Amino acid sequence: MQICLQIFFDSLLLIGLYSIGALGFALIWGVLNVLNIAHGAFIMLGGYLTFLLWRNGLDPLLAIPATMAALFAVGWLIQRFLIDYVVSGPHSLGIALTYGLNLVLIGLALYFFTAEYRSINLPPYLRGYVDIGGAKLTYVRIVIMLIAFFLTACVWWFMDRTELGAAIRATRLDMEAARLVGIKVRTIFDLTTGISAMLAGAMGGLIALLHSASPAMGDQYLLQVLIVTVLGGLGSIAGPMLGALVLGISTSLVSNLWGATYSTLVGATLVLLVLVLKPSGLRGRAFYEA
Amino acid sequence: MPLSAARDRDGIVLALLVLGACCLPLVFGAYGLRVATMVAMYVALAQSWNLIGGYTGLISLAQPAFFGSGAIAALIFLVNGAPVWLAVLGSLGVSLAIAVMVGAPTLRLVGHYFVVATLLVSEALRNLVLNLNAFNFNGGISVNIVSKVGLTALSPTTYNQVFYYVMLGLATTAMLAIFALERSKWGLALRAIRDNQRAASALGVAATRLKIAVVLASAALVSLVGTAWAFWIGTVETNEAFSLTLTFEIIVMVFLGGRGTLWGPLLGVLVVLFINETIGVELAEITQVVSGVIVVLVVLLQPDGLIQIFRQGPRAFAPKTLAANLRRYRVR
Amino acid sequence: MGASPVSPGAPDASALLSVRGLDGGHGPIQVLADISFDVREGEVMAIIGANGAGKTTLLRILSGLIQPMRGSIRFAGREIAGSSSDEIVGLGLCQAPEGRRLFSGLTVEENLRLGSFRRRDKSRRVVADALDQVFAYFPRLAERRGQLAGTMSGGEQQMCAIGRALMAGPRLLAIDELSLGLAPVIVEELVAILYDIHEAGTTVLLVEQDVSVALGVADRALVMQSGKIVLQSSPDELLADDAIIKSYLGG
Amino acid sequence: MSADILAVAGLAKHFGGLRAVDGVDLAVRRGEIVGLIGPNGAGKTTFVDLLTGSEPPTGGRITYRGTDITSLSAHERSRMGLARTFQVPRPFGDLTIRENVLVGALFGRGERRGGRPEALDLANRCLERAGLSAVADQSTGSLSTAGLKRLEVARCLAAEPDLLFLDEPLGGLNPTEVKDALGLIRGLNDSGITIVFIEHIIPAVMSLCHRVVVLASGRKLADGDPSEIVANPEVQRAYLGDVKAAVRRFGARRRAATRPGGAA
């Protein structure tokens, strides 16, 4: 019973974190058709920025939105001045470009912060825990879960309920038709990468709060994000959430039962099975994909 | 196929290069030889990726699976008392088996799904080996191969020279493979598949079979390099053997030099290793930033690779050319 | 005006759309050569011609999807050659493209609402009115407003594509292949609605392969062949001339 | 029956609910030129895709020179002497024009024969025949629409086909180019290649083909000699609609209405 509850809470936390990371990643993949290797670096950047803001006296919970705003700007600029120039080229160019970017960002982090883990001392109000049926649930975990689910809901609302969200979905479905209704595709691209980086930043900030920030965190979580994205499929908000659900539950199940070393293996195997059984990739809702 | 004059020159240059490389141990000290061995190893790896990524257009990240299985399987064979020749052939067999299992389903995937699938194959295999606890092997632990094979009897100099020639042999094989491919009808077929698979099939090219053959060839070469690497460094550690970073590094080299060309990958290897060796290991993070910036600049300004200097001369770096390159794939 | 070859002159200042000496194509391949014509405010102009004559390329250039190689395009008193699609849509030149090109994963209503994305006078009120107007033209779209656009029949999709273009409040509505792949009954229904739209004050440029539809609807027609305008005339004259029949069936 | 090089029975292709090709029977005799016409969206290109193995059929049987080839892949059919051009040309962009043609010569029908100089010779002859010799070492990017269509034909020729499908080889060509292309196609037929000719330009089809098959909405509407087809009122309707009646019908309505702006 206790272990079941523990697994349940662990899963919830992971589902929340993976969701926001994968939503952002899937957005760039779907709209720009770029596999953004630097997504991990965005996550890492978020982690360090939150850490820095906290070290300069900002409450960690205020540091998160500040981090998100900063990363939105970073994403926008990177799209406008870098990714824009490879979008209509072969796939491999986008991968190479974002990999180069990843190198630069991680290298800079190593230079300024060293490989050391940087963790945030939680303010007193985040330090306690509640005991639910023997499973310990710390306040900080509760808060992180709430923030992650709140952000997921915001993204859903934005994409599904606002005109700009509809314009992003329209651009993904048919770029040319989007132009014909007067959508400025370049601006949509900037916005897309901005939102994606913002979500990655939030994920990184929350991870820094939960564990710590380190130069390696980006690549480590990028792998999970990849698994979640392909598991759930592109093209809908529900997709990454579904993927997060599957990976979150299986990861926490496997790590609690067999040990953490098996969790990546399980995730990767799941994805490969899905890809073999459905070679075009798991799709989102039937008509979300053009 | 019409052989242009430039292509005839390729053969001569290649022969001279190999000949020169054979003489290097006569002039190089230990450090120089180590770097030369590295160059040879990277050239072999870069050309095997070039075969898949450059000529066939498949952005495969499955190379660590072949490199790692080549290294680890050889180690396991040795630990269990197999002779060296069996370890080499056995690990090659294991890698090829993995290539068949990986290639058949993933080659049907389109676009980024192929990239992600191959990446996950590598990661899955790494995690599998990390958790492997059988055949006198315990995944996380590093094992000293040299002592197992009894190579300790060799003097360090001879030892290093042996592995220099082994790597040089593999690099030469890789260069020759590309050289021959460029002149054969199969090279033409691969480029046709990359440009338009449907049209190629309609003209009688067995596209799927050819792609599997290329994956196997590339895997075999990478596996052999992996085995040689394991013997060379002596101590094998699983995470290092299945390193994605190494594969990305290789892909970067191919891109920098020029994918789908004979000389591009060699140029890329030299450029990257030069940066690494000059900036130095002490400032690894700066090296990383510099190579990252170079990758970004090359992708944006010279997407066909630095090899363009040799093809177009100084014109390749005229501001006008660079500006045109920059605009080439830009979204409106 | 007789059924005579067209010779370009100075742009017609009174015309809504005035094209002069337009060359264009895909990448380096030139498809259109020296295209010149005018569309006057309030008329229905048809462009007809066989497959590959360059009709769709012409529309794509007019909408700013492809940049022209040479020539001038004046729309509502402004030079738009070289402008981007969103600017052109903003000026009121809107297109229902070949193949409908709906956002298949968005609902009918979302598709329509995106039509007024670039409207200059956009307000909640204006968009609601435009939507009501579109639903008045096409009551079937109102019934299906919550349905994914990709799941509708071809005729309904064409209605949605026209409706989407109307949502921008166009001064010139360009329709590429109104009848393509649709049953004659549906085409007749669409043509009837097109009359209503036209009578409400929208100038229409209709690109058609189906001669009967084109000539039945238009005040004037252009005939394109191999990237050139070969004839320009009224429908009755074209029919009397038998030129169309010839270019399609023999001679 | 032995005179038939190709026999198709009940061939069908459904994409979800759409019946692109819906149970078509067709026999092609050795040495003839069959015209395949039909309005846009009639399923002509899909039909060719099925016959050449680019797409698997949903149902039906294809027999080529007495062998059932329904389940063979595109490259296997190519090696048996089936070749096709594509409606939208698909050149190998990174290859020169000569290399494009060499692909056909080195693979295609000649695959088993091998022999580099022989293939090069064959490719050069095909380039010559298609009138591309002068530009053979240029990149395909330099070709006009007409040039690309010729390249499509040259590549197929190098694959040494017995049966050649030409998918709208005249689309986008000007009258002079059309005339040249028709001459080229007639020459191919004279040299013994059976041709299935898909085209919109009806006069060209009528002048070139021995027999014409009309497809509409995925089904065979008519099959007969050109004069028969052109006189067939059903075919005329499928292509033109009933022009005069339509003008009367639509015209009456619109003339009754008052319109803003001037008429022509």
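When the chains are written out, they are named A, B, C and D in that same order, and each has its own residue count from 1.
The rule we apply is simple: a residue touches a chain if its C-beta (ideal position, glycine included) is under 8 Å from a C-beta of that chain, and two chains touch if they have at least 3 such contacts.
From a predicted model like this one, the values you see are computed outputs, not experimental measurements.
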{"item": "Third chains touching both chain C and chain A", "value": "none"}
{"item": "Chain located farthest away, centre of chain B as origin (C-alpha)", "value": "C"}
{"item": "Result of counting contacting C-beta pairs for C-D and B-D, higher pair", "value": "C-D"}
{"item": "Approximate Å spacing (C-alpha centroids) for the pair chain B, chain D", "value": "44"}
{"item": "Between chain D and chain C, distance of the C-alpha-averaged centres to the nearest whole Å", "value": "30"}
{"item": "Distance from the mean Cα position of chain D to that of chain A, given in whole angstrom", "value": "49"}
{"item": "Centre-to-centre distance between chain C and chain B (centres being mean Cα positions), rounded to whole Å", "value": "54"}
{"item": "Set of chain C residues in contact with two or more other chains", "value": "84"}
{"item": "Touching two or more other chains - residues of chain D", "value": "none"}
{"item": "Chain contact graph, described as a line, ring, star, complete graph or other shape", "value": "ring"}
{"item": "Which pairs of chains touch, using the document's own definition", "value": "A-B, A-C, B-D, C-D"}
{"item": "Footprint of chain A on chain B - complex, ascending", "value": "53, 57, 59, 105-106, 108-113, 115-117, 119-121, 123-124, 127-128, 130-131, 248, 251-252, 255, 259, 284-289, 291-296, 299-300, 303, 326-332"}
{"item": "Touching residues (chain side chain C, partner chain A) in the complex", "value": "63-65, 84-86, 89-90, 94-95, 97, 101-106, 110, 113-115, 117-118, 148, 150-151, 164, 168"}
{"item": "Residue ranges of chain A touching chain B (in the complex, touch as defined)", "value": "29, 33, 35, 82, 84-93, 95-97, 99-108, 110-111, 185-186, 189, 223, 226-227, 229-230, 261-262, 264-265, 268-269, 271-272, 275-276, 279-281"}
{"item": "Complex contact set, residues of chain A against chain C", "value": "163, 166-167, 169-170, 173-174, 176-184, 235, 285, 287-290"}
{"item": "For the chain D and chain C complex, residues of the former touching the latter", "value": "40-41, 141-145, 148, 168, 170-175, 200-203, 206, 230, 236, 239-247, 249-251, 253-254, 257-264"}
